[in-house]
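The structure under discussion is supplied below as structure tokens; questions concerning it will follow.
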């Protein structure tokens, strides 16, 4: 019986986390422009319980909207660490995947999830609001099924992440 | 005695439910005004439950954690001083003036907690919150005095009884009612006066460092606060109802009109807000006070 | 034991000692400075002996050489006269002890001779019953004072002495004219005799001699326009002398005015005129004291202010008023005498009279600054000290028949005492909390000086904490003068 | 338009070529650079729009150009000079055109040109603890640097 | 029994002298003597708990008997004086650093001031009252200037203003003496009863000026901010906790001892059913509440902030006393007790902070809650009491004053009183936020809490704010019994508040505090059920990603209410101080230019003066005395 309630609490918690996702979009790159349309009346992401919040303490999702150079990576890591635990990271656009058009730049990092665990990527050189909404829905399913465990991975192999970060930030 | 304990448990829950319902309706209504579809009706419940069930919480010290707790304790206390549906619980042991001070415990708790979060945004937020409180307290006191003088008592349940069948204070003190309406905006920190938690300027003001269960507590406190302010307005001017449904309808009517103005007006700068409160509402309230004195 | 209770002794002993000092100056050399101490000790004993006599029958009359009036040089010591002579001899004794350690400049015996002569003249002025004797005593004291003021022989002292000489002699001549007129009108010199004969004089005949005598004694008694010499003379004189000058000299002159106006001239419109004088003296004295940088000049101006105060009390012409005046006289002579002695010691240590150089003395010269504080508080009239009772009495008396002018004058008095409080507290602040830039080696004053200051201090403290005996003694003295039983007593005793 | 060109020609040691209706090139030797800029300001070119460097690696030179603009005559004048690439040093122009101060900071960081007279030129400007060659130089191989410092994602399959 | 009155009056003075002498012997002798004697007076005070002694003649002067008496009202103030002085002596033992010469005189003056205040409170006639009033003035002057440097100027202003106040009282006392030759309170009351209205008004106004200077009501308050902020830290609680209450006590005696409300009523017209004189006093008090609160909000220095808050709080006391109704006067007196407690607590707590950090400037401090937790809780209780928030003692007395004002329909005064209390909320939070919350600067890393000796008085006061907050009845039975003596109707009260309350509303403080406690525990339990929260350092803070480092002064405390300052900019500019300084300078210039020119120093002018006098005399003679 006790096992079952533990399971039940977990599923209820996940359901709640799914239904009320608060996001902080750290407008690093050119993807930030995609978010106002998703928030406003045409696509209205608030239907799914998503709301934009200002401080890292209150947020659940960290959106990395575009290319991430070394300088902003340092700030993004601080924000990520300040967020409270069940936290998820969504990488916007191809620049977070493999450096995108800045593949040869000396400043832009090529792969987001080497430095902070990314739960979800949205391909496209700046995905349209529909893509963003579908990404969010996909994230909800991940949360529901419990697979969105980026923050656990970060905690588990913290040394690996820290090593990569030190290699880049110096 | 058992009845007393029963009331002691039911009243805060009822107040919380009413306050929460207003938050729900507000989110939906605001979305509708912005021609958006808006979240599910019970979105605030999900938000609060998610915050309370956060796995990891941070705290900057005992006072940081104590702040929200004192805020909630103060709000629960003030709930007991407002007569609901005919049963006036603690109005016997504390009158209107005591209520004004008890409502201050909530803001004191929040201010202490936010102060301890060692973040300048929080400090700026609190200094604005207290200045705004200083602003709207002047007209609030004047209308409270005019109502008390009109009914020759400061006992809230007596005031409610005096306005029993139909002749509300709204008809006899129209000017004070209008001022009361504007002051409730300031007291609730609703949109034109939400300079305190303006996300663009001071990153949600005092709540900048609050997250997880602390933020959940603060949202619960906001629900209580919503209930207390509107119930006070209804009791003072609309002759609070004998049973719960009429009470809720009256409160909803007031809140509905408030929401109408809410989304339309731009935000006040903090010293303009105080100047505004000390100019028009105060003058109008003084006029109605003089009318009461003369009558 | 020879009957000591004889007022003449009070004058004879110091005169005898003056000549003794002058003669023995050559061979006694250093011993001469002990003689004044003995003189004044004897004087104190005599005046103490007089107390039972005066208490028993109100007044002691002593006629010299058995002459009957109008030629008798007789002394009449009533209650107030006795008290003032007691204070005079006490101050003289204390000052002479102070001189043992203070005066070391060359012409020692001349200083001590003049000093004893000064105090002798003063006591004579206080207890004389005959107006011509009053003039003689006045001249004796003035001459002694001129000499002593110029004693330091530096430029300032000489000039002050000369100024004092000129004004003093003018005063003396006016006094003489007044006395001659009185003598011409009444044919007698004895005060009591004149008092009986003035009834048939016309108003003008009485007023003119009064004006002359008032101006003469006024110069000596530091009334407003006439006291211009005082701010220069008192600071220039050595401290012990200025202590006597401020303490007793001015009080004696004012006492003489009181004695004459009450017994001989009994017209009461004059008091309003005197009151204006008193207020002006008070205002000018206190305000100019506020701006002084030199401590002795400040104390001199404060003397003017205080004299104005008790002259105002006298000019109320009521028993309470006079009682307040006498209490203020006592308070002033004791505290001002003590202040001058303390300041003298401090100037010797610090070397300059400028107040700013007194910074930090509060910690170095603890005992003397403690007594200075007591003296200052008593002059200001702060509660536990005697000054408070006398100020209380004066104000109560002033408001007795409260007409608008009196209330206004009370307000002025209180404002002036605020100013007085201001400059005394400024002095105390500098002394206790000032920063001493050049740390000059300042040590406590020598024991002899301290002795005199401590004696005066304790006397002041005693009458502060147990004012009752002094208060009702003064009340009886004032009643005696106001309702003129001075004359009836003199007649009864003297058998004129 | 022409009278301004004559005025520019008047500046001693300046080789003037008119490229278009409102664009003039002014080539000047390194030591006369500051005096020319001063004269240009007197003529009427009140605004320094851009100051930057072109890395002429072939003839081992840095070409430094100042784009000046005059509102009055509505034409752009580009003052150019060439400095040696080995130890490139230029004098600061921020006394004449204050905006040059920031440009010079960027140039010194991106190209490694030492600017004397501008005390902030040595300090880090955009890049944080950058140890390598100044990145904008042509001899700096960006791809090599990024492959050294960053790990590319191999295209097929999920990374671990 | 009543010899003890004289003994009680004498013990502090003897104690002072012994402490001075003891100090010469050894440090501990001085402390021991000071503590024992102040404790002795405290015990003696308790002997008179609710005993009324008519009059013990201890002397007579100019025909008027000098009397000592005690009644519950004077016992209330006696309790404030003795309790606070005892706590302050203990605090100063811990706080004052060792400076052999000055410390002896410090303890002597401390006990002298206590003695003088006891004298005032026990005085049965105006001469004793006035005598001890002046002794109190100049002994407290020496206490203020103990700090040296800036405090000397502050002390100088204090002593001059108190002398002016004292002398205005002096004139009133003289006028009374002249009329009746006896200054015992009862006789004074009878003389006032049947003397002309102008005489009564003049006496009360002149006495009032003296009390207003000491109680620092608005127009005469300029000395208080300097004196309280420059005085050493143990002396400021004595000054603002106890000394200004003497002004309030004096006012009470004058208004209700001599001039009962009915007498005032039929002498002068009355507005809103209060005599015009009382109404003016109420308006002055209300004005001083509002303006002092505005000034307190804008202060940067902790002690000046508390000094201005003392002016506004004493405004409440005077407002309460001048209402005339029994509820209002009881409220005023109870607020005097409360204010002594929580203002003393605040000053001692700030003194403890100054003892540890050495600075009073609010913008330098911060984050001390981690280092000084006890002082923080004490200050927190103090500020809650000052702001008048229910569970603690400030609330009950303010509530009584509001009820009284509401009953008398004096609404504008009530509004101004309320503004003062909300404003108090602002500057009170400013105090605790700048000192204890926020970022802890580097230089206060190793600050410890204050030694035990200084904590004891702080804790005694903190606990008493709670006791008087929850059980107001303790103080009320003393006040109500005392007011019966002065002809006031008793108020219905119980240990926990005013159940059937006044005409307006009821108050049961115990219910409020009980429900608050239950609610707090419930919320706390809910908080603990949820997941634990981990402690986070003060540098791990939201700064939009920027890493916060110690060098960065990441603290908003300078000009905390700058935005509010812009709103009341015009009010802050008008200051009474400038007018006083203008008059003082004008007097100085006049005195300097005209007065000193008289003594020019050359002989000719002096002789001309003599000639002038003689001519005046001659003119008088020629006109034959018809001049006047």
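As written, the chains take the letters A, B, C, D and E, and residue 1 is the first residue of each chain.
Here, a contact is a pair of C-beta atoms (placed from the backbone, for glycine too) under 8 Å apart; a residue touches a chain by one contact, two chains touch by 3 or more.
Since the model is a prediction, treat every value here as computed from it, not as a measurement.
The set of chains touching chain A and also touching chain D is empty. Once chain A is ignored, the contact network of the remaining chains breaks into B, C, E | D. C-beta contact counts were set side by side for B-E and A-E; B-E has more.
Compared with chain E, the chain whose C-alpha mean position is the greatest distance off is D. The chain occupying the central position, as judged from C-alpha centroids, is E.
Distance between chain centres (mean CA atoms), chain C to chain E: 44 Å.
Per-chain CA centroids place chain C at a distance of 97 Å from chain D.
Centre-to-centre spacing of chain A and chain C amounts to 100 Å, using the average Cα coordinate of each chain. Mean C-alpha position of chain D lies 72 Å from that of chain E.
Residues of chain A in contact with at least two other chains: 55, 57, 74. Each of the following residues of chain E touches two or more other chains: 540, 542, 544.
This structure has the following touching chain pairs: A-B, A-D, A-E, B-E, C-E.
Partner chain C is touched in their complex by these residues of chain E: 59, 61-62, 101, 127, 130-132, 134-135, 138, 141, 145, 148, 152, 155-156, 159-160, 163-164, 167-168, 170-171, 174-175, 177-178, 591-592, 595-596, 598-599, 601, 603, 605-607, 609-610, 612-614, 617-618, 620-621, 624-625, 627-628. Across the complex, chain C meets chain E through its residues 162-163, 166-167, 170-171, 174, 203-204, 207-208, 211-212, 214-215, 218-219, 225-226, 228-229, 231-232, 267, 269, 272-273, 283-284, 287-288, 290-291, 363, 377, 382-384, 388-389, 392-393, 395-396, 398-400, 402, 407, 410-411, 414-415, 417-418, 421-422, 425-426, 429, 432-433, 467-468, 471.
Against chain D, in their complex, chain A makes its touches with residues 70-71, 74, 97-99, 103-111, 113-114, 167-170. In the complex of the two chains, the chain E residues touching chain B come out as 367, 369-370, 380, 384, 387-390, 395, 399, 402-403, 406, 409, 411, 414-415, 418-419, 422-423, 425-426, 429, 432-433, 437-439, 497, 499, 501, 503-512, 515-516, 518-520, 522-524, 527, 530-536, 538, 540-544, 554-557, 560-561, 563-564, 566-567. Residues of chain D touching chain A in their complex: 126-129, 131-132, 135, 140, 142-143, 145-146, 149-153, 155, 159.
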